[in-house]
Amino acid sequence: MSYRVLSREVTIPLTTSFVMLAVWEILVHTGMLRAAFFPAPTNIAHTLFSLALSGELWLHIATTLGRLIASFLMAVIPGTALGLSMGWWLGWRMAADPLVRLLFPIPSIAFFPVVIFYLGLSEWGLLLTAAITPFLLIAVQAAAAVEAIERTLLEAGRNYGASGRRLFTRVILPAALPYLFIGYRLALGVGFIVTVAVEMIAAKHGLGGFLWHSWQILRIEEMYVGLVLIGLLGIVVTYGLEALADRLMPWQVDLLRSKGQR
Amino acid sequence: MARQHSASRAFVSPAIALLVWELLAQAGILRANYVPAPSQLAPHLVELLAGGELWRHLSVTLYRLSLSFLFALIPAVLLGLSLGMSRGLRLALEPLLNALYAVPKIALLPLVMLVLGVNERTLIFTSTLTSFVQMTVSTTGGVLAVDRSILEAGNNYGATGWRLFRYVLLPSALPDIFTGMRIGLGLTLVLVIAVELTAAQEGLGAFLWTAGQTFSAKNLFSAFVVIGALGWTLTYGLERIGRWLMPWQQRSSAAMFL
Amino acid sequence: MAALTKIEIRDVEHVYQSDFATVAALASVSLTVGDGEFVALLGPSGCGKSSLLRIVAELLRPTAGSVQIFPSSSLGQPGNGRPKTALVFQEYALFPWRTVLDNVAFPLEMRGMPRHEGLTRAGTVLERVGLQPFARAYPHQLSGGMRQRVGIARALAAEPEVLLMDEPFGALDAQTRTVLQEELLRVWESERKTVLYVTHSIDEAVYLADRIVLLSARPGRIKAEYLVDLPRPRHMEMRGWNSYTKLSLDIWNALRDEVETAMVSEKP
């Protein structure tokens, strides 16, 4: 497995990225790129390190990460619970489904002004805004997950003695997990976008706030640092959960492919 | 027959929710200037629409949205198709594309504003980029996901080269391409509104923000409803169009909007 | 051969609603299965044989009629927590998140057996189907044939009164199928459980069963019954015997009309 790390899949992208950075560096030094807009990568790296040393960077990273995790948890637990209930019990579905379908197409950021109208410009306001659409997404996916479970798995569960709550915890839940994760990935992605957007609009701390603030005071290198960190966090968010899912549920790759999901 | 039942039942709980809201407002439990009753909001909304102000904001937002989408559409699909079909191109461009895909485009806004200035052009550029990245990634995915055996069958039965592309590859990849458009529009709308919230004079986002600032709950809710309606139209309207365009797609419920 | 009745199916009917119409899947089926008998249910597609099996498994309720399974008294106390049926599925229906051993132990776990004891017993059953080395593997790592052996192991581990099998080898290639048929018989010989086996392969039915019940096209009813007069234990050469061939041909002639009927009226 460790030999794979040096495969073409990894070396070519790394090489091209490195080459592009080198080209950028050269263009700046030869004056072809305006340093005011596009500072040399080496300068950006330098700024990154000094910010890291001063501790300021960690504050922003921790703040954004904290908000992301908090809002995600606020969405995941109620969302999964609601979605699974909707999937399993017709009553819940009839009651909640229309409301969920009504709310989830609303652009997530539009909740922000409404939320702060009532909660003021506060941390809760931010977290709540970042949690709403993910919550709805997860609920919809969880409901669909229940439907997607293979009939025969349920039959096997029942035939071999599981019923009621045990059928739920021992069969339905594990069988639904791969599909639930699809919802979680989407939700995390949306939550990230909203968190960054709201931070840029209204926060002082956090990577979004840092990014915006740097731009406002025209500290361009710091702006790039912010951008890079947001990018890295974005990569972790987009691909990290996917990797986690693959490790937790190695069978799901076949499962989802057979259902045409990948 | 079961389907008809669920269609009419789809309105029951929202109707009940509205009713409860109205009752709470009438009973004075909800303060009128904080949470106006639906019976107050409806006429206000109609007034705003009739007066033309809200239409203006709506059309500005729609303009930004459609322009970005249209600018991005053809280049994105073309690039996505190329990336899907050429391994070399993919290896070269994928790192950049994936990096862009992972970054919320709103984070690119300061950089773009630096280079292009704080104006409409910047907004359109960033929104276009949003649509572009999403649709390219989805299109590439769609091409890569095409079943090998379908291509072989097409080839075997006489479709080669351009015809294989047009009659076999493209229809196979179409669902994913279409999904990319849907997601792209959704993300772009979020971006446009986000920018409008603080950095624009006109547009639904701007109107929404101002409503909050001027403490007008009625304007706030009206704007919210219109934005919501825009979201619904996009989501469910596109779903309909998708089903019409691609009747062979099974209703894969687990991938509702994926 | 079987003096005691094990399963009594009486006037079972099954009608259901599909998107398009009311479908009568089964029309008044009555059948008695003796203790230790291996009965094959044979019929064209859509004849309701899978539905009948699920009704016996109590996964589906008949629209009319009843099914009774008589617990065996030869194992000491009748009905001492042993389930009535264990179903082996065509699609294996193994839990992908559990190891092979955990899958086999599942019915025991559900019965309330302490984990340690359950795993030990499951291990023993796994050995009987020759999969002990794969105890820690996951289903997705196994081939189709191996997965079905796990499915069979799970059913055996459950210690049911009756073993139900729904075209268990239908998803496998012909060679694997042949091997597994032999395996099944070998494993079955030692215990001689009562088996209700659904198939659409005449060859499989004749090779495996004591008795073959032929169902008509939808709505399914019993069209004919055949006693398989071949000695046990069965072996491959019997497939070349005259009596084998004659029986297969007789059944095919009876079945052919039903198959054509089924094909013509093929509805989703």
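Should a chain be cited, it is by its letter among A, B and C, assigned in written order, with residues numbered from 1 in that chain.
Criterion: a residue touches a chain if its C-beta (ideal position, glycine included) is under 8 Å from a C-beta of that chain, and two chains touch if they have at least 3 such contacts.
The structure displayed is predicted, hence computed values, not measured ones.
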- Query: Connecting every touching chain pair, does the picture come out as line, ring, star, complete or other?
  - Reply: line
- Task: Using the touch rule from the top, point out the two chains with the most contacting C-beta pairs.
- Result: A-B
- Query: Which chain has the mean of its C-alpha atoms lying nearest to the mean of all protein C-alpha atoms shown?
  - Reply: A
- Farthest chain (mean CA position) relative to subunit B: C
- Intercentroid distance (Cα basis), subunit C paired with subunit B, Å: 51
- Could you tell me the distance, in whole angstrom, between the mean C-alpha positions of subunit A and subunit C? 47
- Message: Averaging over Cα atoms per chain, report the distance between subunit A and subunit B in Å.
- Response: 18
- Message: List the residues on subunit A that touch subunit B in their complex, please.
- Response: 8-9, 12-14, 16-17, 20, 37, 94-99, 101-102, 105-110, 112-114, 116-118, 140-141, 144-145, 147-148, 179, 182, 186, 192-194, 196-197, 200-201, 208, 211-212, 214-215, 220, 223-224, 226-227, 230-231, 234-235, 237-239, 259-262
- How about subunit B: which of its residues touch subunit A in the complex? 6, 9-14, 17, 34, 91-92, 94-96, 98-99, 101-104, 106-111, 113-115, 145, 186-187, 189-190, 193-194, 197-198, 205, 208-209, 211-212, 217, 220-221, 224, 227-228, 230-232, 234-236, 252-258
- Task: Sort out for me which residues of subunit C touch subunit A in the complex.
- Result: 54, 57, 59, 83, 85-87, 89, 91, 93-97, 106-107, 110-111, 138-140, 154, 158
- Message: With touch defined as at the start, can you tell me which subunit A residues reach subunit C in the complex?
- Response: 150, 152-153, 155-162, 166, 170-171, 174-175, 177, 249-252, 254-255
